[in-house]
Each structure stands twice: as structure tokens, then as C-alpha cells.
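Have a look at this one before I ask anything.
Chain naming follows the written order as A, B and C, and within any one chain the residues start at number 1.
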Amino acid sequence: MPWHRPHLLDIESLSAAEILTVLDTARAFKAVGERAIKKVPALRGRTVVNLFIEPSTRTRTSFELSEQRLSADIINFTAEASSLKKGESLKDTARNLEALNIDFIIIRHSAAGAAHFLSRVLNAHVINAGDGAHEHPTQALLDAFTIRERKGNIAGLKVTILGDILFSRVARSNIWALTKLGAQVTLCGPATLVPRTFEAMGCRVTYNVDEAIRDADIIHLLRIQHERQRKTVFPSIGEYTQLFGLNQARLAKTKPDALIMHPGPVNRGVEIDSDIADSKRSLILEQVTNGIAVRMAVLFLVNGGKGPQEVAAG
Amino acid sequence: MPWHRPHLLDIESLSAAEILTVLDTARAFKAVGERAIKKVPALRGRTVVNLFIEPSTRTRTSFELSEQRLSADIINFTAEASSLKKGESLKDTARNLEALNIDFIIIRHSAAGAAHFLSRVLNAHVINAGDGAHEHPTQALLDAFTIRERKGNIAGLKVTILGDILFSRVARSNIWALTKLGAQVTLCGPATLVPRTFEAMGCRVTYNVDEAIRDADIIHLLRIQHERQRKTVFPSIGEYTQLFGLNQARLAKTKPDALIMHPGPVNRGVEIDSDIADSKRSLILEQVTNGIAVRMAVLFLVNGGKGPQEVAAG
Amino acid sequence: MPWHRPHLLDIESLSAAEILTVLDTARAFKAVGERAIKKVPALRGRTVVNLFIEPSTRTRTSFELSEQRLSADIINFTAEASSLKKGESLKDTARNLEALNIDFIIIRHSAAGAAHFLSRVLNAHVINAGDGAHEHPTQALLDAFTIRERKGNIAGLKVTILGDILFSRVARSNIWALTKLGAQVTLCGPATLVPRTFEAMGCRVTYNVDEAIRDADIIHLLRIQHERQRKTVFPSIGEYTQLFGLNQARLAKTKPDALIMHPGPVNRGVEIDSDIADSKRSLILEQVTNGIAVRMAVLFLVNGGKGPQEVAAG
């Protein structure tokens, strides 16, 4: 299915066919990343602003590498360096960037809806790099890409997402992507962080971790993130590790071909034992690698690319 | 008139003919910015250091985009990252940069005269991006470019600059540029911030805001900047807004084709009402857009370009 | 002798022949830096991460310029921006960078051994840009390059290193390089900072500064660095200047062709008088200039370049 969207704001509004177009296009770009010269001229002479109002290292670096490999010009714009400190609004910042004739804004912001807002007030292409606890669509796309690459297909797989679901944009975007692609999604974690309202998104909710991971093909662990959590709903770190952390005893009860994912950075010894994170069953570094191809694909598609058949010509 | 200066340090020392050469060259570069591929190879293989010892987002970003579009290599050097924290002097920093064989230094510094100083001790091309309360020449050039583009000519126009004139490098550079190009400049603001000594620069000074803007073709508002003001000479923000802020009641008494300018970032509701800032009479975003073409022109000219007729060949 | 190492971790493990290969290759790159277009395509499409976990301006800038002139793609990764703030380990940061398919990591870190550690866990080329008080190999190589350029040969020269030897990675790397190349190295400074154990590295140790510099061909001053010193072993700044600072009276007792070096940034009036730092006998700015050619050579060689004869073809 040819792509036609000028922005990537969320997964919720994408069809399964659109998601698959991104994944197919990313596969073509992954081949580019394995060449000695990893660059294509697709975005030459076009300017991308990485507008990260919330701190981020790996997502920003992954986007920046993707942009470099597409030969774009890049402006990095972090909260610390920004006029936002002088009290300028996001709208004014964005309109000023647009007045600079920039072509793409990659935005990370603590407010849910920030990317949608920008897409309404700007002509530039907007890509959501994480907005509050709402969505993180490129993360879900790279996760889906990684699962498909390893398991061949997503439809029919059992995926368990474990951790703080309530405050996680990674969880929300993954739930949308996986259910659209036909996976059966189970959510598990402390009851205060995994409300039953998620069942309305087509997921199963359970508070029994052993039962949650027993039949899973994919166990997706979320990072414990204190910054977006109210302390009153979260147990202590030690209690979380004891009740929900993935250790060897729990792993022994899973299917032998169950694979482990984590968006990083990993809290070793908290949500996952260090040796499991480094084991052959862990896809953590593959997720990182695939992020570049997926983000190249998204930039390429919102810029007017139709799909994977155009990449080779790039 | 062909350009021959290796630096752009101020407006004061430029002739009207030189200013017009910059504006004409900028017009040629503005056409480049509207092409799909916005790059020209004029500065390929040459290195520009953006040496911003005072925080800035929009001026630095505008310079960086200008440099990218000229295909320069770019080093960003901010106060936070700099050896200046270790107590190194500006002279040592600059001489070390020159020893690195860099070709251009764009300097913003809190000390008036910093750019002139560097131009005396370095062989690199120096461009003043704002030195204390002294000058901000590229801002005045982009303002003049914007006025000329909209009004056809600057000679004979009535321009009113409103706000904190005393501590404003934007005001000083604009006064030099506009009076050299034949505009009649009126200054208005709190008496403590608009001393009559500015009359020696060829301006009219008044403390009556309605009278100051009544016949103006251009109303140039300055940003209220606490950082360079002594508190004792400035009224409260609320009092400033009431006495000098541009609101609909005041705007109604101006000429219908009077246009509003502001160097940004705007304090909405302080020096200007939000709806006026966003109205068709506001040139604020055009100023931002034109900044890139003007800065490309300045880089091109100090590098040895003679004028607009050479840009097409670039 | 053709180069074959994939990393540059220290000087200690290099042979004299390998050091000379770097210096010869750097000489070829220095010629590139004097052309109008200072770029060669040697690293086009390859990605370099500058991973500076300790603040640095000049070393990072020098590396970044070197990388630009080799046409590499560059990611700057500073401690402030990094996940390391979230508690991620150096190993995880590095493995994540590698998962991004980056080709080179330039690392500065406060821990001795950080570069060696990375080279063991990564496939990427690792270049040590300073690890704790251990080594700073590119500094020693640029120093040796500068000495050889001015003195013709290093073998047989008398080089005195003056200052805080104990905590200085610059001193350690210089001692290794200079002794391997046949210079006679004398160390001098406060007794607490110049232990006699350095004699095991083939150096002479003396606490009499006049005697130390009397016969020297090169006087290499180290920067007084409070950050890596225990206060209890260091005299006051004033006492240091009086006892060990290079002033005109001391300089008058040296050989007329003795040359002065300093890795910068200079504390004028502390370890060296300001007029000596700016005199014809000072090589300080030449060291800065040569740093780019030396770092280009190192990047070129660890990437598989064999030696200087390949640079012209680059």
C-alpha cells in the first residue's frame, strides 16, 4: 500500500497496511546500513530540526544518524539551548523554525499531543519522537520490525508487555501496533500501573507475572521510569524486582524460544537480570540497530516516498 | 558597489552603498532558499565556528542554517562547552581557533567590542552576532531587507523604534542602517531608557507613544530584556505594557499600512498584544525567514564575493 | 612500516616505527590542511562518535575538525546529554553506540583504562582522547610531530617536562613517545608530584628547575590542573609560580634555541609568563595546528590506511 501521510504522529491512526509499508521500507534501508558507504542522497539539501524538549540520548542519536544517512542537513535544538527557557511558547518556537524554511521537525516533548499540535500549525513534516505518556510511534515500529525479522510474522504471536503500562508511551504505541498486526497482547505489572481499562484496547490484563509470560513468544519489558510516575502508585524498586523482575527462575518457566525486548536504557538487576539482558534470547541491541532503518524509512515516507520499491533507486 | 570588507563588525562603519550590496546579494540568496535543494557550494571545505559566549537560539540557528546552505563545515562552540569556564581569555580562545585553520568566526559576546577585538588579532573572517549593548549588524540588515521587500524603498520612510533603546544593540544597529538609507527614525520608550543623546545619531526622541507611532510606516518593537537592564531604570512589566505596549487601541490610531516588526522572541501581552503579533501587519516571521538569506549574503561577501551577480554562478 | 592497529589506545604499546608512521602520515595530511578545500573523502559515509564524558573544548574541537576534513559523519555525545546521567554504564552506552553501526569512538573519560575497556567490548575503532591520569596519545603524537618539524629529529634531543607529572596523562604519553624516539627526558616539579618512580620509565628526575631547563632543547610545561589533584600534595599557586613558573629570568639561563611547549589552555602568569607564551620560542599554537593533521592521520590509519603514501590518493 503506497504511503501518503506527511507526518508520523502516532500508531493509533495507522492501518495495518501502512505499518507494513513502513516495515518493508525499513527492510530496504537496513540493507543500506550494511554497505561500506551508508549514505543515500534522499534528503540532500533538506533540513531536519531535532527539537528535543525532554532529555534523550538514544532516540535523538538514532534520529540524527538516520538523518545523516539520508544526507539531510541537521539542526539540534535541545531544551537547555532553547528560547523556551526565556518563556517562549512551543507554538512560537515551532513557527519560528518554520519561518527558517526547515523541512522536518522531530519532536520529543513532555506534553501528550505536542506533535499533533505542531502538525496543525506547521507546514513542515512532523515526526513524534515521544509525547508525554501518549505515544512513541517510531519505537513501536522498530519493535515490530525486530519481531517480524526474528519471528517471520507478527499475526498470531503472543506478546507480553511487563511493567509500568499506565505511564508508558512505549507500551501504548506497542499495543496499537501489535494488535493491528494481529498479535495477542497481554499486559502485566503492579495493579496500580496496569488498570483494566487497557482491556478496551484489545489486550488481556493479568497481575500474575508467571502466568503472563508462560506462553509468550515475546516478553517486552518496560524501563522503570521514576520521572513520569507518581510515587504513591509505585512499589519500592526492591519490591518491583522481586514481584516482576525477569530473573533466571522466571525465565526457566517460559517457552524456550521466547525472546526478550526492552526499549533501553536497561536498569540491570531491576526489571531484568544482567545476564538475561546480554543473552542470546535478548533482542535489545537488535532493537537499537533496527531503529535507524525504521527512522530512515519514516523520514523517507513522510517526505513523499511511496514505499520500499523506491529505496533502491535512492 | 563591489564589497571589499573581510569582516562584518558593525553597521556604523558601512556606507549606504555597502548596505545595499548586502541587501541585493541577500535577494539573490533568498531565491536559493526557495528551491527544493537549498544548498550552494560557495563555502565547501571551509570551516565556520559559531562562538556564542552568550546564550542564543534563533540567531545561532539562523547562522547555522545559512552556513549549511553554503556547504560550510561547522563547529558550534558555546559558553557552556568552552574552555572559557577554565578561565581562558577570549583572546586565547580565538587564537587557538585560528591555529585550527578555521576560516570564519561568528561571535556573540556580552562585551561591546568583542568582534572588533577578534578582527584585530585574527586572520579569520569575523562576523558580529551581537556584542553587548553595542551592535547586532546582521539583525539590522535583515530588518532593512524586510522593510525594503515590503515597502519597495527605505529612503523617506518613517520608522519608529519603541522600547528599551539604551541597552539595545538591535536598536543601535537599526538606527545606523535606517538613517544611512534615508529613513526618518523616531525613538520612544521610558525616559530612563531613551536618553536624548540619541538625537546625535540623527533620530527624533519622544516619550509620547501615541505621537511616536501615529505617522509611522514601520513600528519596530524591541524585546523587553531584563538581563541587560539595571532594575532601577526600568518600570514594572505591567507599567511598561500599559504605557508602551502595542495593543489594539493604540494600533487603531496608526496608519492602516503601518507594519509591525520585532526581533523576537516576542513577550506576548507585554510589548505587543498576541493577536497583533500574529496579524497580517506583523512582519515578525518574515524577519526570521529573511535572516537566512541575509546571513548567507554576509558570509558570501566577507569570503570575497563581490555582489549579487556572482550568486547565480555559485 | 605499514600500520596495522584498529585502535589507538596508548603510546606505551607502540613501537618507534609505528609512531614514525603516524608522524609521516600526519605530514601528508598537514599539506591537505593548507589547501583551499581542506577536505578529503577518506571517511565519507562512515560515522564517528565523539564520546566525551569529561569536559573538553580543544581536544573535542580538534577531533571534530579532523573528522570533518575526512568527510565523516559526526555524532557528539557529551556527558551532560548522555544516558550516563540515568545511571547507564559505560559498557551499555558503548554497546548501544555500536548497535547503531557507528565506525569510530573517540573517548575521553575520567577513568584510566576506559579506552582499552571499550576496545575489548566493541568492534568499532576506538581512539583514546584522554583516560584519567593514564594516557593522552594523540597529544603526545602532535607534540612529537611539532618537535620533529622544528628540530628535524627527536633522537638525541634533551626534553624537559615541567609541572605536575604524577597526575598528568599528557606527561605519561609524552614520556613514552619521546623515550621511544630516542630523546633524553628530564622531569621536574614539586617533589610530591614528581616521584622518583618515573626513573623506571627511562627519565631523569630533578627538583632543581634551573638545572632541569639549562641544557634542554625543548621545555614542555604542563597545565596546573586542580581537578585531578589532591590538594594536600600541591603547593599554593603563588608558590608554584615562584618555584617552577617559566619567567624571563629563568628563560635567560636556557639555551637560545630552546623551544617552549604547552598542551593548553595556558594559565598565563602561573606556569608561564604571558610574554613567553606569545614569543617566537613558543610552539603552543603550532601544537594546536598540528593536532588536526595528527588526528586525521590516526583516524586514517586505524581505518585501514597503511601510511603516508596512501594519503595523496585519498
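Here is the rule we go by: contacts are C-beta pairs under 8 Å (C-beta built on N, C-alpha and C of every residue); 3 or more make two chains touch, one makes a residue touch a chain.
Predicted model, so just to flag it, every value in this text is computed and none were measured.
*Asks:* Since chain A and chain C share one sequence, what rotation angle in degrees maps the C-alpha trace of one onto the other, as a multiple of 5?
*Replies:* 120
*Asks:* At the interface of chain A with chain B, does the proportion of residue numbers present on both copies reach over half, so same, or stay under half, so different?
*Replies:* Answer different: the two copies use largely distinct residue numbers here.
*Asks:* Between chain A and chain B, tell me the centre distance in angstrom, where each centre is the average of that chain's C-alpha atoms.
*Replies:* Each chain reduced to its C-alpha mean, chain A and chain B end up 41 Å apart.
*Asks:* Residues of chain C touching 2+ other chains?
*Replies:* 80
*Asks:* In their complex, what parts of chain B are in touch with chain A?
*Replies:* Contacts found on chain B: 33-39, 55, 57-58, 61-62, 64-65, 68-69, 78, 80, 264-268, 285-286, 288-289, 291-292.
*Asks:* Looking at the complex, which residues from chain B come into contact with chain C?
*Replies:* Listed in rising order, the residues are 44-47, 73, 75, 77, 80-83, 85-89, 92, 95-102.
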